[in-house]
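Heads up, there are several structures right after this.
Two complexes are shown next, each including subunit A; its partner changes from subunit B in the first to subunit C in the second.
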Partner chain A sequence: MNVLELKNISKRYGAIQALDNVSLAIAPGEVVGLMGDNGAGKSTLVKVIAGNFAPTSGDILISEQKVEFHKPLDAQKAGIEVVYQDLAICNNLSAASNVFLGREPTRKIGPIKVVDYAFMRSKSAELFARLKSETRPRDLVHKMSGGQRQAVAIARTLLSDAKIVLMDEPTAAISVRQVAEVLNLIRQLSDHGIAVVLISHRMPDVFEVADKVVVLRRGELVADKKASQSSPEEITGLITGAIEHA
Partner chain B sequence: MATPTLAEVINRSQHHGLIAWITSQQIFWVFLAAVFACLALSMLTDSFATERNLFNVTRNFAFVGIVALGMTAVIASGGIDLSVGSTLVISAMTVSVIMSAGMPFWVGCIAALAVSLLVGAVNGVLIAYARMPPFVVTLGMLSVARSLAMVLSDNKMIYEFGPDHEFLLWLGGGSTLGLPHPLIIMVILACLTAFAFRQLRWGQHLFAIGGNENAAVLTGIPVARIKVSVYMFSALMAGITGVLEVGWLGGVTTNLGQAMELTVIAAAVIGGANLAGGGGTAFGAVVGALLIEVIRNSLILLGISTFWQGTFVGLFIVIAVAFDRFRQRKS
Partner chain C sequence: MQKKDIGLGILIIVVGAIVYMHNPLFLSPINLGNTANLIGLFGLFAIGQGFVIMTGGIDLSVGSVIALLGVLFVDMVGKFGVPWPLAVAIIIGLGVLIGLAHGILITRFRLQPFVVTLCGLLIYRGIARGYTAESTAGFPFGSSYPQLEWLTIGRSFGVPHSFLAMLIVAAVMWVVLHHTVFGRHLCAVGKNEEAARFSGINTRFVTVMAYVICAVLASIAAIYFAMFTKSVQPSSHGNFYELYAIAAAVLGGCSLRGGEGSVIGIVLGAVLLQELQNLVNLLGIPSSLNFAVMGAVILLGVLADQQFAAYRTRKSTERALGLLQKP
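After this line comes the complex of A and B, so read on.
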């Protein structure tokens, strides 16, 4: 059973064909490396999946059920979470506060609802432990490493019982050691049965974690291959157009 | 064996001890400076530690402190409110005009606070929904609200407050158990504000917006609604101060609260509110206001011309921000 299936998705902006008949199936726990040059349609595809805008034509199926997203919240409710490139993190707040940002649990003291910090801390500690990340819930994010910040952003997706996590260039601006940390986090998500779509320019990172590699070129899906049966050279050829199709 | 060590690391606290934590807080040093200034003044002058002078200091500082609570909320959310002095005068004028027309205190008070909230709501809607810069909106409101106060009162001084005249003077100028009423009200409001900042989702969201507005939007925080509420909160604090200050002065003119915004911003910033957004505490606002008032008072007692006050307030803002920059560079 596929957790996400795209059927003939097209997206058109006036005369520009951003996505052209893209079909793709993702199984639970599968890590998909989504690659392509700038303007190939990666962002558009992610935004269609995340509910930022509807496709011009084609269907989206979540767990074999046809869905229609009108806003990001619809996609979120269906189990699709996005880890944004800038991580959408508040540096001035603690890790626990960031994990629960916008969905803080409350408890009642008389008629007043107060934020339940104790629960936030214990739950985030549990999530960080699941991600095997040495991140302390009470610490301010502003003092954390890039890897820990990623852990905070990813813990957020675990909180909501996500089925699919979309990650936009998570390894673009961090150090080598932190890249290893992030790739580990991705493996942890996959081990928990959560599918990950990893958008990246960095070939080594994609081949390190991805089960399958998908290449977009000028809005067309030109490759959908097991990573183990492909090579960085082949993918580079597919991205640039030196190789027509795989 | 790996899992328990991971759990240990996760559950370890960042702070190494109470003393290390306290000394890392800017507010601790500001508080120390205020205490030191008080001690020095008590020794240098005969007039500082008198009951009369302390009564005046505490009451003056309470007015700045209450408005600084609202200002701290605005600054922490990443905005600024330059219209607090004008909001204060329009509130003072509203309560005065209504009471001098023979209405009871509660009618005037509710009307004054309602007018203040309206001022804040206009600020907030223009900033949050029309997406205009807070600086521009509240600068405009600074002019509009004071002008409306002049229209309302025909720019005359009001010093007769109808049947509840005595009550108004008692509320703003009297004391209970030796404590001036504005001080008591400030302490209550500071506790409520601290509670709201720390314990309510409103506080969490306000600080999140100040820290990273984009993140707040992406995580589904109702950013626009929170912003409007923050400017209304600031205006309400200014409005409460307006009512109290009429009672203290026993009369009101339209130049009340003029240039107050700068003192209030200075108090908030000295108390740790971060002008870049995302930082600030209720306790900090109060301590910042205390330090400013003590310094202001000391200038008078030491016989230094009051013309110097603006220099000190201006320098304080710049020094507090410079201090913050310096700390950020270090970390």
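After this line comes the complex of A and C, so read on.
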């Protein structure tokens, strides 16, 4: 069973064909490396999956059910979470507050609803433990390393019981050691049966974690193969067009 | 309670001790009562200003709002005989409208808070002066409103009710800021509005509400000030008060970049400002110098705070390095 299936997705902006008949299937827990040069259609594809805009034609299926997303919230409700490149995190708040940002749990004291800090801390400690991250719930995010911030962003997706996590260049701006930490987080998600779509320019990162590599070139899907049966050289060729199809 | 609040508290005690040593009148019940009254009056709207500053905005119109609503309140109660509870409700309602107007101009029309509220400062002051034709608004001779006076300028056990009102407002706003979902969202919006929006927070609503809170607290302060001065001189009443509020909020640890602040800090900031005013009076410094003293102390305080924070970071880095070098 596939957790996400795209069937003949096309997207046009006026005369520009951003996506051309893209079909793709992702299984639960599968890590997919989505690669392509700038302007190849990676962002467009992610935005279609995340519900930012509808495709011009084609179908999206979640767990074999046809869905239509009119706004990002629809996609979120269907179990799709996006970890943005700039992380969408508030530096002045604690890790726990960030994990629960926009979904704060409350308890009632008499007639007033107050934020349940104790629950926020214990639940996010649990999530960090599941991610095997050493992030502490009380710590302020602005004092954290890039890897820990990623852990916070990813814990947010666990909180909502996501089925698919889309990650836009999560390793672009962080140190080598932190990259290893983030790749570990991705493996943890996968171990929990959550599919991850990893958009990245960094070939080594993709080959380290991805089960499958997908290459877009000028809106066309030119490769969809197991990472173990491919090589960075082949993928580079596919991205640039030196190799036509795989 | 944050570290900054404790530091500010210590500063207040130190300054108080110095003033007391030079002039024991500082701790006399009369002086304490009068100072507490002023702390209450200024603290009321400083808390509102703090909320706006935490969203990364600023409200420059506070002083003019206090003048305009003060004039209207005095006229409604004194001249037109509107029952005072109704007049209070109308004034607070006007405060809500002013706050909504500011908030909507800032969020929907994307104007800068500084510009919007600067125009507010000019407009409200202008209306107050135009409406009264520059004459002082006052209550008729011999009139009295016992309940209203008890609520505003009365005292219980020597504690002025304006101070108690400020404490109640501070307690409520403390819960709102630190223990409600709205307070969490306020801090998030102030620091990183985009992240807050991605997290599904209605950032416009949060920002508008901050301006409404500020204007409502300013309108309550307007009533207290009007009752305290008994007459409102439209061109000078409330002049520069927005700056007192901003000073109190900044002294209290609110960052003008948004996202940071505490209600206790703002109250302590208001206390320190009034203590400095008091210091000028009690130490026989010419009162014309009072702004200069206040400015100098705020500058020194902020500078010291920054240096101390830098020192702490240096120390903790050294400690961390020391641990690393130990085999």
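Note that the second predicted complex is superposed on the first by the 246 of 246 C-alpha atoms of A that agree within 3 Å, B and C clash if a C-alpha of one lies under 4 Å from a C-alpha of the other, contacts with A are read in each partner's own complex, and residues count from 1 in each chain.
By our rule, a residue touches a chain if its C-beta (ideal position, glycine included) is under 8 Å from a C-beta of that chain, and two chains touch if they have at least 3 such contacts.
Please read all numbers here as calculations on a predicted model, not as lab measurements.
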item: Three-chain arrangement built on subunit A, subunit B and subunit C clash or fit; value: clash
item: Which superposed partner A:210 touches (first subunit B, second subunit C, both, neither); value: neither
item: Which of subunit B and subunit C A:101 touches, first, second, both or neither; value: both
item: Contacts of A:125 with subunit B and subunit C, given as first, second, both or neither; value: first
item: First, second, both or neither for A:134, with subunit B first and subunit C second; value: first
item: First (subunit B), second (subunit C), both or neither touched by A:34; value: neither
item: Contacts of A:91 with subunit B and subunit C, given as first, second, both or neither; value: both
item: Touched partner set for A:143, first subunit B, second subunit C, both or neither; value: first
item: Subunit B and subunit C contact sites that coincide on subunit A, given as residue numbers; value: 73, 84, 86-93, 97, 101-104, 106, 112-115
item: Subunit C - residues contacting subunit A, complex; value: 175, 179-181, 183-185, 187-188, 190-192, 194-196, 198-201, 259-260
item: Subunit A residues touching subunit B - in the complex, by the definition given at the top; value: 73, 84, 86-93, 97, 101-104, 106, 112-115, 125, 128-129, 132, 134-140, 143, 156
item: Residues of subunit B defined as touching subunit A within the complex; value: 3, 6-7, 9-14, 199-201, 203-205, 207-208, 210-212, 214-216, 218-221, 274, 278-279, 331
item: Contacting residues of subunit A [partner subunit C, same complex]; value: 73, 84, 86-93, 97, 101-104, 106, 112-115
